[in-house]
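Heads up, there are several structures right after this.
Presented sequentially are two complexes of chain A, the first with chain B as partner and the second with chain C.
Moving on to the complex of A and B:
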């Protein structure tokens, strides 16, 4: 049995705006084991980014975690003071964001920014921090690190900037890395390099990764386990192989069918009808009922619970519950 | 045979010859350009009636600039754009305006390409009014018809763009583009900003409209999967040049240019069982400096097969098989 590093239990994050409460994340629970890569996948507005920000207590007003626990090695992060959480951020848990240019400070050299992180969390002097920085830059495949140490962020290309972000995130050997769409702003030829780097590092250092993405291709490439989100909730959770070979929730099926398959010549593409509902006009009952091809009356009336299915998977669909009732 | 020598055939709707667009960065005291970015450099291609030509390449390869030069939204530096037998670059502004009726564009960002102060009705009506096609009751009927064609409801005509989601806005952009019954539509990354499930809707709508209205598309995209899905033929661009152009089947089954292969291999496959099984050529490094372009093949710095010849001599786009063009000294077999 592998060790649980992070347990999210019943997390709800709501935003209290002038126009009412927006429930961005509702009752989300999942675990991350040591050395495991968990992908959280969903479309824009499904709450995947808010979930990842909630882990590190990075939700700003008017947002607030209203419910739930986030246990990191047994410690509930939601209960920590600002001072205590800062010791964990960037040290034991670090984060990579989508747009590397806005995440880096334009007026400091990259070496300066990485060694700052190291000096903040580790008891080392300036020189040792520089040596560590060069080491970690080399590890992420930065060509000519001695020279790049003194470069400013704007001189680097998108792929190189993202490497700097990864280097910074890894500089304190974190146990958990949260990557929020780390390759969305990058070209495919660069994306493949960055993804490969993340996977190699995870294997080498036994770092767990929570990877937030909208791209099922990236999921297939990276994940051990997958969490599918829709409308602020988990709709399905499974290991990556079963999720792709036997998707249980109609939304997961639709998402798979609407992803063009580059490796097959026969390419029919089905789409999910309708639009992603905004948090302000979420339908009653199952959140997917306005777009679901198998919608029943019950779906419009009552919200289905997350049901345990076979092999440790979970699915939130009435259809699945009925199937089980028939077979048992 | 070099692509520049390919004759204009009967079924060609558009042929581009030696198109160049250089953006000047600095000039000497006599006003002569000393430094420039060659965004588009020697592009040759043709588009047949009724087909979809996909254009793929990474950011900064010049694909959008090329799309914009066709409509002369950006004036090209040099070259010929032959549309239905006439060179568009020789036309007066007035004549060009008439041609714009036949060539329309769908833009990438549905949030910035629709005027936020105009109602959807007026957004779609604008081209019809500009070209004096119709007015009054007739115009109204036309617009309601167009809205229904792209899958929107006529009751939505009085709303403003911000009331719509990204996918719906892109439908409005498409309705505007087809309003004048154009012959050619240039789609500049129309699905890049959309969610996966919505992307498929818009792609399927474009395909449906193509069949119904006998449209010809130039589909510019950076994501190979979407381009592959919609296109009949595909041209691959790298640093302002076309490096390979072929039918979709040929491009994927007998890829000839190392860059094309690297690009295809880089796309993550949505099937975890193939994760480690695929043998991949992965392109290392980044796109080199675009200002001081070195002589020789532009892909040389990233090519796994480069030789001394590639370093000094620039390959031109040559037809190696029927309708399969490649710019490489050592095409893959």
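Moving on to the complex of A and C:
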């Protein structure tokens, strides 16, 4: 199970706007193993979506990947030509987006949109593509696929639309699925259905998933491993059990504390003080120092490196480095 | 759908009633036709007798209802100039006008769609600036001026095309370009701004993430979505072409409704003016209805009830 499918090494994606360079993603590295579900967590604007779009080279101008490698089964995706990356998009790696209504083209039937992917990547005729489309619609639990094949997106409910997106993404049996907040726009009951569907299909098809979310409930439900991002950088990385039982970075602790717990309803809900700093006024040193309850002088002077902690976890915090220095 | 069309057709009736009223008012305020109908040396009593005979001394409302009654029987009166029934005279000119309108739309579409898409794809490049700049020029040139310049260059200096008239395929080219240029300019800008907006939509990103090539992205996924506002403008422009080709038809001596209308106005041939305005109004209504029906084909989200 430890075969590496995707290795992101030192990825930096910057946006070159008229008001200067916005470093949305800085030196981000993580791996995704075969069959694994990796959750990328963070607040809005922490660079998690930009990271996910960078993998398939879907960053639009004025954004650009300025540094780093994205190795997919050993091939660096950042070095591929437009034609070569197109063969991977939707075929080997596919994506699901947040808002299924705006993510589906309003003027084409869902059958047309799913079979388009199949016909792009597989050598099949129109009829075979339709059969495969019906098959995959059935697989994602679309009731009455023969009829829905000819439906337009606006006629479906939110949950059904997201099922269409999933069907489209899985139609070519990809090895990696990138889901960018796939349940954020859905009702809570539908969220659970969609997440279960994703997890079951991932097990059945041995598809790895990179799941972008800000919802720790989703993380607990889905993840094998968790990457916590803040201010365009990874601040902590660990397997899901250790991350929830023993969070190391103060930001992760803050995130976990600000989740309501059903057995502690008497307390008022905790929150992390302050707001995410905008890329234009990122603080010097550790990016979390403006909001960190354990802030030290050193945090304001120098950026902590991402250090290896126990059990293959990583954390970016002076607090932790100090501890290690003391114990050794 | 059928119910919707029926409803729309019924809506034509009040519109037509208003048009008859406006058309009648136009003629009523235009002055006394008797002065033109009788020789200059006719006596006042002769004129008065004619006025009486034509019912011109009746009250406004009585005259209006008389006019509407005649219309209901398809009778627009007789043209003094041609000494013929006015309505057949106008309808006879209709094919020429429709032909020119169609040819102009073809010119406009063939120019504007590729230019608009190119301009959006290459936003802020030299090519884009050239096209958007050119479209300002195209929109700013008055039709009569462009028509005369085209005649001068391509019919007088280099005699490729005939100067005026209608007949062969060559005859229609210069007037169609004259009329089509302004429309092409407007449509180019519209398609450009539309495409720019649509290329930023989520579903374009989805299509891209599926591995769709750039040309399919632009011509299938984006263009189809950008057509709705384009069809709106085309509908408006066709109405405009049917009614507003007056100047171009006059410049090229194109025997359409426009030319007839200008001549009729100059000659105070009011029966023809009335018939022409009436026919044009009906054409505009029909074009609008067709435009609305095309929306349904382009955008499945639009429902008529």
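The definition used in the following text is that the second predicted complex is superposed on the first by the 320 of 328 C-alpha atoms of A that agree within 3 Å, B and C clash if a C-alpha of one lies under 4 Å from a C-alpha of the other, contacts with A are read in each partner's own complex, and residues count from 1 in each chain.
Here is the rule we use: contacts are C-beta pairs under 8 Å (C-beta built on N, C-alpha and C of every residue); 3 or more make two chains touch, one makes a residue touch a chain.
All values reported here derive from a predicted model rather than from experimental measurement.
Model built by superposing both complexes on chain A: chain B and chain C fit together without a clash. Of the two partner chains, neither chain B nor chain C is touched by A:296. In the superposition on chain A, A:188 makes contact with chain B only, not with chain C. When the shared chain is aligned, no partner comes close enough to touch A:124: not chain B, not chain C. When the two complexes are overlaid, the chain among chain B and chain C that reaches more residues of chain A is B.
Looking at the shared chain after the overlay, A:88 reaches chain C, while chain B stays out of its contact range. Superposition on the common chain A brings chain B within a closest Cα-Cα distance of 10 Å of chain C. Applying the stated touch rule to the two superposed structures, the chain B and chain C interfaces on chain A have no residue in common.
By the touch criterion stated above, chain A contacts chain C in their complex at residues 56, 58, 60, 82, 86-91, 94-95, 97, 99, 102-108, 116-117, 120-121, 152, 154, 165, 168. Only residues 200-203, 205-214, 221, 224-225, 298-301 of chain C touch chain A when the two sit together in their complex. Per the touch definition, chain B reaches chain A in the complex via residues 58-59, 165, 167-168, 195-201, 203-204, 222-226, 228-229, 249, 252-253, 262-275, 282-284, 286-287.
The touching residues of chain A, counted against chain B in their complex, run 43-44, 157, 159-160, 187-193, 195-196, 214-221, 223, 240-241, 244-245, 254-263, 265, 267, 269-273, 275-276.
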